[in-house]
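The following pair of complexes shares a single chain, chain A, combined with chain B in the former and chain C in the latter.
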Partner chain A sequence: MTEYAKPIKRRKFNSDAAWGYAFIAAALLIFIMFTAYPVVSALIISFQDYKPLGSTFIGFDNYTETFKDSLFWKAIVNTIVYTLLTVPVSLFLSFSVSILILPFKKRMQTAFKAIYYLPAVASGVALSVVWLWIYDPMPEGIFNKLTAFFGLGTHNWLGSSTYAMFSLVLMAWLSSHGTSIIIYLAALLGIDGSYYEAAELDGANFFKKLWYIVVPCLKPTTLFLLVTGVIGSFQVFQNAYLMTGGGPDNATTMVGLLIFNNAFKYFEFGKAAAQSLILAAIIAGISVIQFKFLGKDVEY
Partner chain B sequence: MKKKMRVLASVCALSMAVTALTACGSKDNAKTAATDDPNAKDTITALLPPVSANFQSSFDQISKDFTAKYPNLTLKIEPASWEDMTQKLDTQVNAGSPPDIAFIPSDGIPKYVDSGMLMDISDTATDEMIKDYDPAPLEYMKNGKGLYGFPAYMEAHAIGGNKEFMEKAGIDYKKVQKEGWTFDEFREAIKKGVVTENGKTSRYGFVFATAGVTSKDYLDILVKSAGMPSAFNKDLKYTYTSKNFLEVLKDMRVMIDDGSMPKELSSIDAGKRWNMFLTGQTMITGKGLAGFERSAKENNEKLKNNDPNAVKGSIPVEYVVLPVPSFAGAEAQTRVAVDGYVTFRGTKEPTAAHKANVVKAANFLSSGQVAATTNNELYVAQITESSRKAAESMPVDRDPDNKAAVETMLQHAVPARPDIPTDLGAKALKLEDEVIVPKLQALIAGEITPEAMYDAVKTAAVAAFGEDGVVKD
Partner chain C sequence: MALYNAHTGKPQIRIIRNTGIITVLLLFAAATIFPIYFMIISSFGEPVAAGSMDYKLFPTSFSLESYKFFFQFSPYTWRWLLNSLIVATTVMVTNVLFASMAGYAFSKIKFKGRAVIFSLMLVAMMIPYQVTQVPLYILIVNVFHIENTYTALILPGLVTVYNIFLAKQFMSSIPNEILECAKIEGCNQFQIYFRIILPLSKTVLAVMAILTFMDNWNTFFWPLLVTNSMDMQTIQVGLKSFKFANTTLFAPMMAGATISALPMFILFFSLQKYFLEGVTVGAVKG
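Moving on to the complex of A and B:
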């Protein structure tokens, strides 16, 4: 037994392993500093009345205050509504565009991928300014001109509770599918061509091939994009902050915006940290449910 | 060889760790004077936004002039955009390493006092310095008994009109500039300013920016002239539960309902309403700042010279400063913006010498030549004796009626309220952000009634301050 143990010990400390540890140490250090440390700090701060010159421990007060806060629950509902409206549609649009791009030659595929990825490279602030212009509430606004042309009248897109959420959702539908399209396309290219050939021999049409070959083969990709999409959507902040500021009447106040306001507007870092951790727990719970119910027959 | 590799790897890992941790270390005390010697060399840091058009480009000169006056001191100025200013400062404050001086609106003082990071300079500012400032704006830099910096200017928040349109509508604007007006008089005036062509409104009587950063301004400016100069009365009872508050809400709604203001008002931001004013889509606009007269003149000049940079579709406009009307029989009081140079401390107690040096720098920036130049550019009144003297030789192309109107309004400026405790102030701010502004947006969009908004504010106020903590009339 001792003879077997010795070589294992030696392997741990040979020169290759030493370099390995050095490189792991670098990544580990970055992870500890920029991920683990902030998370642990947030956990500690969530039990404190945070002040730069000395915080005081207040137990679960920040959590109980958050659970009693009607605005927090309104923000949660708004975030869920936004997620339900944006993520499935975004996945469907990305999937559809990928299917449409697939038949092209590689050069054309690359060109389309670049075009669709462009909004992800552009500044979110710049995009928001353009959308603010599109949603100009006056009759001469671009979107109002369009709706008036189709006889739908003009609307106060960002200034009324009825349309503000829809306006943010529409903005999400029409932008930033680049990453999903690239991932879907990579997955589509990975499907063995023999499946299609066999299906064609059996007389399958386009939709049958899509339903019985493409959709099942892309299930792991769809699950990945769904989980990451839901996580990203729950953390949405920029659109609400720049476009509506959470209004009107808190109709577009998302949890991310609420946390930001508590931290940087009111300096209530303890409450903001507690809300961040509650949000993290909600996201983790939803992700587990997604994996449990949608990931049953997924093979990686 | 293996041993050498292990050592090398360990050294690599260790040096990375040390480098990273060093980068995270605080340099809070590096800038402060290590001794109490007032003549020791010291560096004062300042985070300053573009207060006026040429302010940031003159930073090098300001620093040189400061060192010429105080040879042992260096003023290190970090520029920031208006957009970045708050976020940058808040991050530095909460990390415990703020700049020594920052330029902020005085209404931000309670928040930073509460964080414990503002430096009370009441024991360090000399009598000579204090005497230089007008008392009213200086009061705005106080909280409780502490003085937390020096004011740069006190600007009246007014409204502004198009001279030609008002004359056509038969409005005696010169009388209004001198004597003010009631809401009923104002309403009749803005009704006359509305122009309708083919059933569509081509010009509104009044447009006030209510979206984005201006969301708080509209109501806050109006309630000052409705007997509520502050969110708290002298007994520290919350005032927005008063019936006058409901009257103002009703008046705000009625101006939209009768077509004097656009129904899309809730989405009109500061840029949009200025564009509407310059393109002749409104007769009167708000909020109005003194600098708007200069902006209008500059655009007129561009139009005259066929400059393509003139605002698209704009017309020549003579900007007239107007006071906000009074409501419910109350005395008109002017909301003022007092911005200034506030003084911060680090996590460690500053030395007396450093504190005195910071005060010298804040005083240097807010008075004399620096303040004279900046305030002149902004068209705002000088608020120190030294800057008034320095500005004597500086030409100002300002309409004398507008200048007189602003001076009249400043005589009715809402006084500062340093007696409001920071915890009450913080609660009022949160109530404003989470209830008043959202409900106001809904009111302006026609989604709720003035009564519904009033009830919501009253309920939230009672929950925040208690039954006995609010005004009942």
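Moving on to the complex of A and C:
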């Protein structure tokens, strides 16, 4: 029997591994402290009647109370309404705009991309302050002048429960779609020209090409934007907080704002934690459903 | 050849079509930037209370009185800008540093638990911020007792998982051969990171720096929670304080909004390429 030389143990591996740990040490420490620990802590707090000195364990009370709370359900409905009204419209608008930008030279495309992206650069607080004045309830208000011009009368846009939600939705429609437009355009430029060529040989017109080539090719992009859009919309908080405060009569109270109020207005940390975890579960559920139903034939 | 018909031989049709498209695009653009336009032109109005407001769509007078008024509102207005600058700059630097280090380790160094730790971080990225906000607040205010300090404003943002992910994605595409070469030449891991990885990742790190700076300049929620005196507020929270104190002063409010947004506009127009690139860098490859 011949003796085979045993493979030399790789000393290099160990020192490399040590470097690896050293390189992630800072990031890992920050992650554990400010993300992982808070998540675990939120779970614990959600089962407590939280008090800074001595919380008491109260089981599922925070959860059952939340499910019995009519305001919570109203907030859920408001959030769903807001999402259904904003996300599909945003997708449609950014899809259309990216299609319209496509035939132009690169410099023109960049100019338009920059214009559409610009509002995303301004802070949400600044924009909400501006919109507050655009929606001035007096007849002199900019938006009231516009609606009066078209014979729609003047309204107290943010102050009436009929129009407050619509006002926030309109603001979302006219805010920046730059991100989605840029992502769509990048995907559009990635479609292989031979598809169009083949379609042209078969006599397809512009709309046929749009429907049978562009829409299917952009499906992964649409799915990505849809899922991230819905996730973002379910967490929406800032505009409602700054512009309507959730009012009037909780017509614009969305889940994000409800949690904020419970936590930092009424200091019911346990309830807020329970509601935030319910929100997380809802978001996860919706994302899974979206992937299941729409992601079937999407290749990554 | 392309989605659009070339209309070869019929240039008139193409010109008409393109003019139509540009008109639509410009109309949409006008609607999108109208609030910003309105904010800027209105900020040059006089700082008088809005009894019977007469809004103007085109500038008729030019006065900087409203800016003066905004800065005189509190002795801390300049401090707000400085606070925002300090916080955003610090968070930007730490993010680039820690995310690039972690990104390198996650993409190029083999160590036990690498995959587990990384996927744990990715999962955490999907948890909405509402979940962590209450425990974070308790941690900073009730445990560390550091509310109303720069530390409180900066700590939770030191490095984000998104940035680590971004760095890892990009660095994965750096060929291993280069790193092997460097190793044979006698570089240790730190030298590889510092001399090879960092220079090769310049673009993505620049994008990361800019977007992180912008996010933190514009952030409102966390500073609102952990500051309780005017001298520690950031410009965004300060703007909200101003809004609450002067609900009827239209032009000064617009001046304040303009001031809070202006640094980002300047940054955007001077580094536009990185902003626009930054959008796709995480989304398309991810």
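Things worth noting here:
One rule holds in what follows: the second predicted complex is superposed on the first by the 269 of 300 C-alpha atoms of A that agree within 3 Å, B and C clash if a C-alpha of one lies under 4 Å from a C-alpha of the other, contacts with A are read in each partner's own complex, and residues count from 1 in each chain.
To be clear about the criterion, a contact is a pair of C-beta atoms (placed from the backbone, for glycine too) under 8 Å apart; a residue touches a chain by one contact, two chains touch by 3 or more.
A quick note: this is a predicted structure, and the numbers were derived from the prediction, not measured.
Judged by the touch definition given at the top, the superposed model places A:138 against both chain B and chain C.
With both structures placed on the common chain, the touch criterion links A:249 to chain B but leaves chain C unconnected.
Residue contacts after overlaying the shared chain place A:19 against chain B and chain C alike. In the overlay built on the shared chain, the residue A:52 is in contact with chain B and with chain C. Touch criterion not met for A:208: it reaches neither chain B nor chain C.
In the superposition on chain A, A:269 makes contact with both chain B and chain C.
Once the two structures are overlaid, the count of chain A residues touched is higher for C than for its counterpart among chain B and chain C.
By the document's definition of touching, of the two partners only chain C reaches A:104; chain B does not. Applying the stated contact rule after C-alpha superposition, one finds that A:35 touches chain C and leaves chain B untouched.
Overlap of the chain B and chain C contact sets on chain A: residues 13, 18-19, 21, 26, 30, 33, 52, 136, 138, 264, 269.
The touching residues of chain C, counted against chain A in their complex, run 1-5, 18, 21, 24-25, 28-29, 31-36, 38-39, 42, 52-55, 57, 97-99, 101-102, 104-106, 109-112, 114, 117, 120-121, 124, 126-139, 142, 155-156, 158-159, 161, 164, 188-190, 193, 214, 217-218, 220-221, 225, 236, 239-240, 243, 250, 253-254, 256-258, 260-261, 264-265, 267-268, 272, 275-276, 279-280, 283-284. Taken together, the chain B residues at the contact with chain A in this complex read 1-2, 5-6, 8-10, 12-13, 16-17, 20, 24, 86-87, 90, 93-96, 111, 114-117, 200, 211-212, 215, 262-268, 272, 347, 426, 429-430, 433-434, 437-439, 441-442, 444-445, 447-448. Within the complex formed with chain C, the residues of chain A that make contact are 13, 16-21, 23-24, 26-28, 30-31, 33-39, 41-42, 45, 52, 93, 97, 99-104, 110, 112-119, 121-127, 129-134, 136, 138, 140-142, 145, 174-179, 182-183, 186-188, 191, 193, 196-197, 200, 206, 209-210, 213-214, 224, 231, 234-235, 237-238, 242, 255-256, 259-260, 263-264, 269, 272-273, 275-277, 279-280, 283-284, 287. The part of chain A that touches chain B in the complex is made up of residues 13-15, 18-19, 21-22, 25-26, 29-30, 33, 50-54, 71, 135-139, 156-162, 245-250, 253, 261, 264-267, 269.
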